[in-house]
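Below you'll find a set of structures to go through.
You will see two complexes here that share chain A, one where it goes with chain B and one where it goes with chain C.
Take a look at the complex of A and B:
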C-alpha cells in the first residue's frame, strides 16, 4: 500500500462507504476470535450455552427492575477482559445499534406516568424506570452476544450449533455464507465505489441502475456458486463437510458452565445491589 | 425492524426460538429428501449476496432517502421456500452475532418475522398464485411487489404482537400498530420495487432462473401450509406455556413459595452462623421478591414495616446506591485485570 494516500476525511462517502466499514468490522471481529487466551480455548458449546442462559436470565426480570440487573454486568466484563477484547470498540458497536430499542423504549415515559418511586421530593414515573431497565437489558444482552463471537469465532459457533443438534445442511451452508460474505461484500463495495465515482449530483443512483447493478452481481454470484461446486466435487465433496473436532467438553467446561449458571441464579433471586447498598448506607449514612 | 432482546420476555423469545428450530429442522429434512448437493454452496453464496446486497442503496426520488432489498422473497423466488428459509435464517444469525442486530434470544422472533412470512406464506400464497402459467414482466412485477409488501406488513404486525405479549414496552397495542404498519407499508413498497427490479433483470438475462427454484427439485417448492401451521401453533402454545410458567414477569408461585419457606426457616433456624446470615439475607431480600421499586402494592405491609420503617425511600435508595456500586465494581475489576495483563505483556 505504498504511495500517496488521501485521508478518508476528504471524501468520506467515496472512500469509506458503509459497506466497507461493515466489512472492516466483520474482519476485525474475526481477527479478535483468532487470539489465544484461556477463554478462547474453552469449548464453544460451553460459552454458547452459558451466554444463552445469561440472556434468558437477564430478560426474565420484571419491567421495572434495575438494581438486580447490575450484578449481571460482571459476565460481559469478564468475557471482554478474559478474552482480551477492546471494550471501547464493543461499546461503540452497542451505541451504533441502539436506535431500535431506544425508539420503542422511549415511549414508556409517555404512556406509563404512575409515580412509583420517591427520591426526596421528586417522584419518578414507572415509564422512566422501565425505560432505563430496557436500555440496561439492551446493553447487557448485546455486549454479551458481541463478546461471545469475539472470543469464539463464527466457525466455532457453527461447530457448536451442529454439535448441539442443528441440522448439518444448516451448519454447512452457514459456514459457506460466512466465508463468502467477505468475497461478495468486497465485490459489492467495488461496485458502489464505481457508481459513486461516475455519479454527479446524485444522478444515476436511482432504481434504474440499481436493478441491473444488483442483477449483475447476482448472476455472477450464481455462476460463482457453480464453479465452487465443481471445484468441491473435484476435491471429493459428497454433501458433507467434515468439521474437525478440536474441542472437548471436559472438566474445565463443566466448571465454566456450572459456575456461571449458579452465579446467574444467585443474581436472579438475591438482590446483591440492595445488600451492597444496605451495607454502605448503613455504614456511612 | 430487528426485534431486540431487551424488549422481549423469555416466554416469547423461547417459544419463537422453538418454532424457528422446528422449521429449520423441517426444512432441512425436506431439502435432504431431494438433495441436489449443488444447492448447498448456492444457498451459502446467495445468503452472502443478500448480505452484500442489503448494503447497496438506491436513492428514492424527491424524498432524499434511500432504500435496499429485503431478501426473503428474492431468495424464495430463486431457491424455493425451504432453502430460502434456511438461508435467510443464516443471514439473520450472522447479523445478530456480528452487528448485534436483534439479539440471540430475539433471533427466533426475527427469523419468524422476516423468514417465515415471506418464504412460506407470501411466496406460496401470493407470488406463486400470481406468477403462473405464461410468465410475463407485468406478472412478475405485481407478484413480487405485492408479496414483499404483504410479507412486511405481516412481519411488522408480528413485531407488535411479540412486543405486546412480552409486556416490557408500555406502548398500547393500537398506537403501536398505527406506528408500525404505515412505516412498513412505505418500506415494503420500496423493498418490493427493488426486489422486482432485480428479478426482472434476471428474467431478461436468464429467464430459467427467474422461472423457478434454481437447482432444486420442483416437488420441494410445494409447501404443505396447513399441516405445518397446525404443528406450529400447537408447538407455540406448549412451549410458550412452559416458559411462562417457569419465568413469568409477575411474581409467581415459585418465588412466593420461596419467600414463605425462607420466612419460616428464618424463625426456626439457629440464631448464629451461616444459617442466621442466610436467614437475614433471605429476610432482607424476600420482602421485595424481585421488584425493588414496586414496593407499595406487593410487599406485605407489616413484615416490611417491622424491619424497615420507611420501606419506600430506604430500600429504593439502597437499591440505587448498591446498583451503582456493583456496576462500578464490575467495571473496576475489568479495568484492573486488563491493566495487569498489559503490564505482564510488556515485561
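Take a look at the complex of A and C:
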C-alpha cells in the first residue's frame, strides 16, 4: 500500500504481557505485507508456487548434503531484499523456532560417528554433517515461508490457495482465523490484564485461574461466532465466500515462476558450490 | 410506495428458556421515516431488531417488511431489502480487507464484477471512506470501522436501514460525523439506541419499548421531553433537555 511507513520494531516485553507482544509482532508482519514493492504486486499464486517448489527442492536432497544447499540461500535473500523486509526481524523469528529443528538433529552426532569428511587432520562424522544439513534446510525453508507471508500477506496466500484448488473450507477457515486472531488475542489480553490487576503476591495467577479464563474466552468466542454468522447471512451468505480477484497471472508472473523454478532445478542437479570452488582454486593455484 | 414499510401487529416472542422478550408490539413505519427505538436494557429492543432481519420469526402476531410478511419462505427477500448495521463493527467486518467486505453483499446477490467494483467505490465515497479501500479491516479506528460497516450494507442498496447503537464507542467528533452522514440518507431508518440526543437529531419519531411492549409512540420532541414517561421506562431526558450544570437553568 502506498505511503505506509514501517516503524522500527520495539517490543517492551517487560511492561506488556506476552500475548500483547506476540500480537504486535504478528501485526508487524501484517504491516510489512502492505508495502508497495514490485515483489508485493506479483500475483500471490506465483509466489506461492515458486516458494512451494523451493521448499520441496530443498528437502529433496540426501541427508549428508550441505554444499549443494548453499546456492538456495539466494531465493530467501531475494525475497527479503526485493520485498523490503528487515532481515533482522526474520532472523529473530527463525531463532525462536530453531529449538525444534535443533532437537531433531542434535542426537545425530552421537548415533552416526562414521567419519566421512576430513578437514585438514580433523575428521568430521556423518552425524555432524547431517545435523548441519538439517539446520541449514530448516533455516532455508522457514525463512522462505516467513518472507513469503511478509511480502504477500496471509489473506492473499489464502486466496492463492483457494484459486489453486485447495479445498474451499480450508482457505476460508484460514481466512477467518487470520481475521479474528487479532480480535481474539486482544480479548484474551484484556482478560489477562484484568486478572493480573487483581492478583497479589502470586495469588490468583496460578494454573487454577486458567481454566475459567479459557472457558470464558471460549464462550465469548462462540457468542461472537454466532453474531458474525448472523452478519454474514444478513448479507446473503449461502456457504460460498465470493472474493473479487484483484490479481492477474500475467507474463510477469510466468517469468517469475519459470525463471526461479529453472534456477532451482539447476541448483538441484549441478553442484554450483563445487564448481565455484574449482573455479576459485583453479584461478589461484 | 408500500414496499418500504415496516408493520408489526401484536408481535410476541418467547425465547426457548421461557423469557418473554416481546409481549405485544404493534407499530407502522412508513416510507422514509426515521424511527428511534429506545428502552432500558433488557426491554426487548435487540429481540425486536432480530425480527427485522428475519433472524427470529414471530412467535405470535405478524410482521410485514415491504411487500412481504416475515415467514421462513420470505426471509431471503426481506434480507435483501433490510440493511442491518450491528452494534459491534468487528462482527460486521469479517473479510480481510475493506474492499472485500463492501463487495461481499453485492457479490452474493450475483452482480457482475464490474458493477460490484463500481458499487464498492461509490458507497465508500458516500460514507467518506474511499481512502480506506485497501486497508485490512482490523487496522481501522472505531469511527472508520463504523463508517465501513455502514458501507457494507449500503452497497446492497437496501430500502430500510436498521441500526443497533450506531453511536456507541465513538468519540464526539466521529459521533457527530456519523449523525450527519445518517441524516443525509433517504432510507427508512430504524435505530435502536440509548443515545437520546442522537435520537432527537435523527429521528422525528420515537417508540419506547418497556418490558416487551410499546410504552409510547409519537414525536421524538414530545416523548423525549416527557420526564415521567421516561423515568417509568428507566430513561432520562436527552442532555440538551436537561438544565445547565452550572446555573441549573
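Here, the second predicted complex is superposed on the first by the 268 of 285 C-alpha atoms of A that agree within 3 Å, B and C clash if a C-alpha of one lies under 4 Å from a C-alpha of the other, contacts with A are read in each partner's own complex, and residues count from 1 in each chain.
The rule is simple: a residue touches a chain if its C-beta (ideal position, glycine included) is under 8 Å from a C-beta of that chain, and two chains touch if they have at least 3 such contacts.
In this text, all values refer to a predicted model and were calculated from it rather than measured experimentally.
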Inset, instruction - Considering only touches as defined above, state whether A:142 meets chain B (first), chain C (second), both or neither. - result: first
Legend entry - Partner chain in contact with A:234 - chain B first, chain C second, else both or neither: second
Inset, instruction - Please tell me which partner, chain B or chain C, touches more residues of chain A. - result: B
Inset, instruction - Examine A:29 and indicate which partner it touches, taking first as chain B and second as chain C; both and neither are also allowed. - result: first
Legend entry - Which of chain B and chain C A:242 touches, first, second, both or neither: second
Inset, instruction - Answer with first, second, both or neither: which of chain B and chain C does A:178 touch in the superposed model? - result: both
Inset, instruction - Once the structures are superposed on A, label A:222 by its partner contacts, choosing first (chain B), second (chain C), both or neither. - result: first
Inset, instruction - Go through the superposed model and pick first if A:213 touches only chain B, second if only chain C, both, or neither. - result: first
Inset, instruction - Identify the partner contact of A:160: answer first if only chain B is touched, second if only chain C is, both if each is, neither if none is. - result: neither
Inset, instruction - Using the touch definition from the top, say if A:74 reaches chain B (first), chain C (second), both or neither. - result: first
Inset, instruction - Overlap the chain B and chain C contact sets on chain A and report the shared residues. - result: 175-176, 178-180, 183, 224, 228, 232, 237-238
Inset, instruction - Under the touch definition given earlier, write down the residues of chain A that touch chain C in their complex. - result: 1, 30, 34, 155, 158, 175-176, 178-180, 182-183, 224, 227-228, 230-238, 240, 242-244, 246
Inset, instruction - Give every residue of chain A touching chain B within the complex, in rising order. - result: 18-19, 22, 25-26, 29, 51-52, 55-56, 58-71, 73-74, 77-78, 80-82, 84, 87, 93-94, 97, 100-101, 104-105, 107-108, 111-112, 116-119, 126-127, 129-130, 133-135, 137-138, 141-142, 144-146, 148-149, 154, 157, 166-170, 172-181, 183-185, 187-188, 191-192, 202, 205-207, 209-219, 221-222, 224-226, 228-229, 232, 237-239, 268-281
Legend entry - For the chain B and chain A complex, residues of the former touching the latter: 1-2, 4-10, 13-14, 21, 24-25, 28-29, 31-32, 35, 37-38, 40-49, 51-53, 55-61, 66, 69, 78, 86-87, 89-91, 93-94, 96-101, 103-105, 163, 167-172, 175, 193-194, 197-198, 200-202, 205-206, 209, 214, 247, 249-251, 255, 258, 281, 284-285, 288, 290-294, 296, 312-313, 315-327, 330-331, 333-334, 337-338, 341
Legend entry - Parts of chain C lying in touch with chain A, wherever the complex brings them together: 53, 55, 76, 79-80, 82, 84, 86, 88, 90-92, 94-97, 99-100, 103-105, 107-109, 113, 116-117, 134-139, 152-153, 156
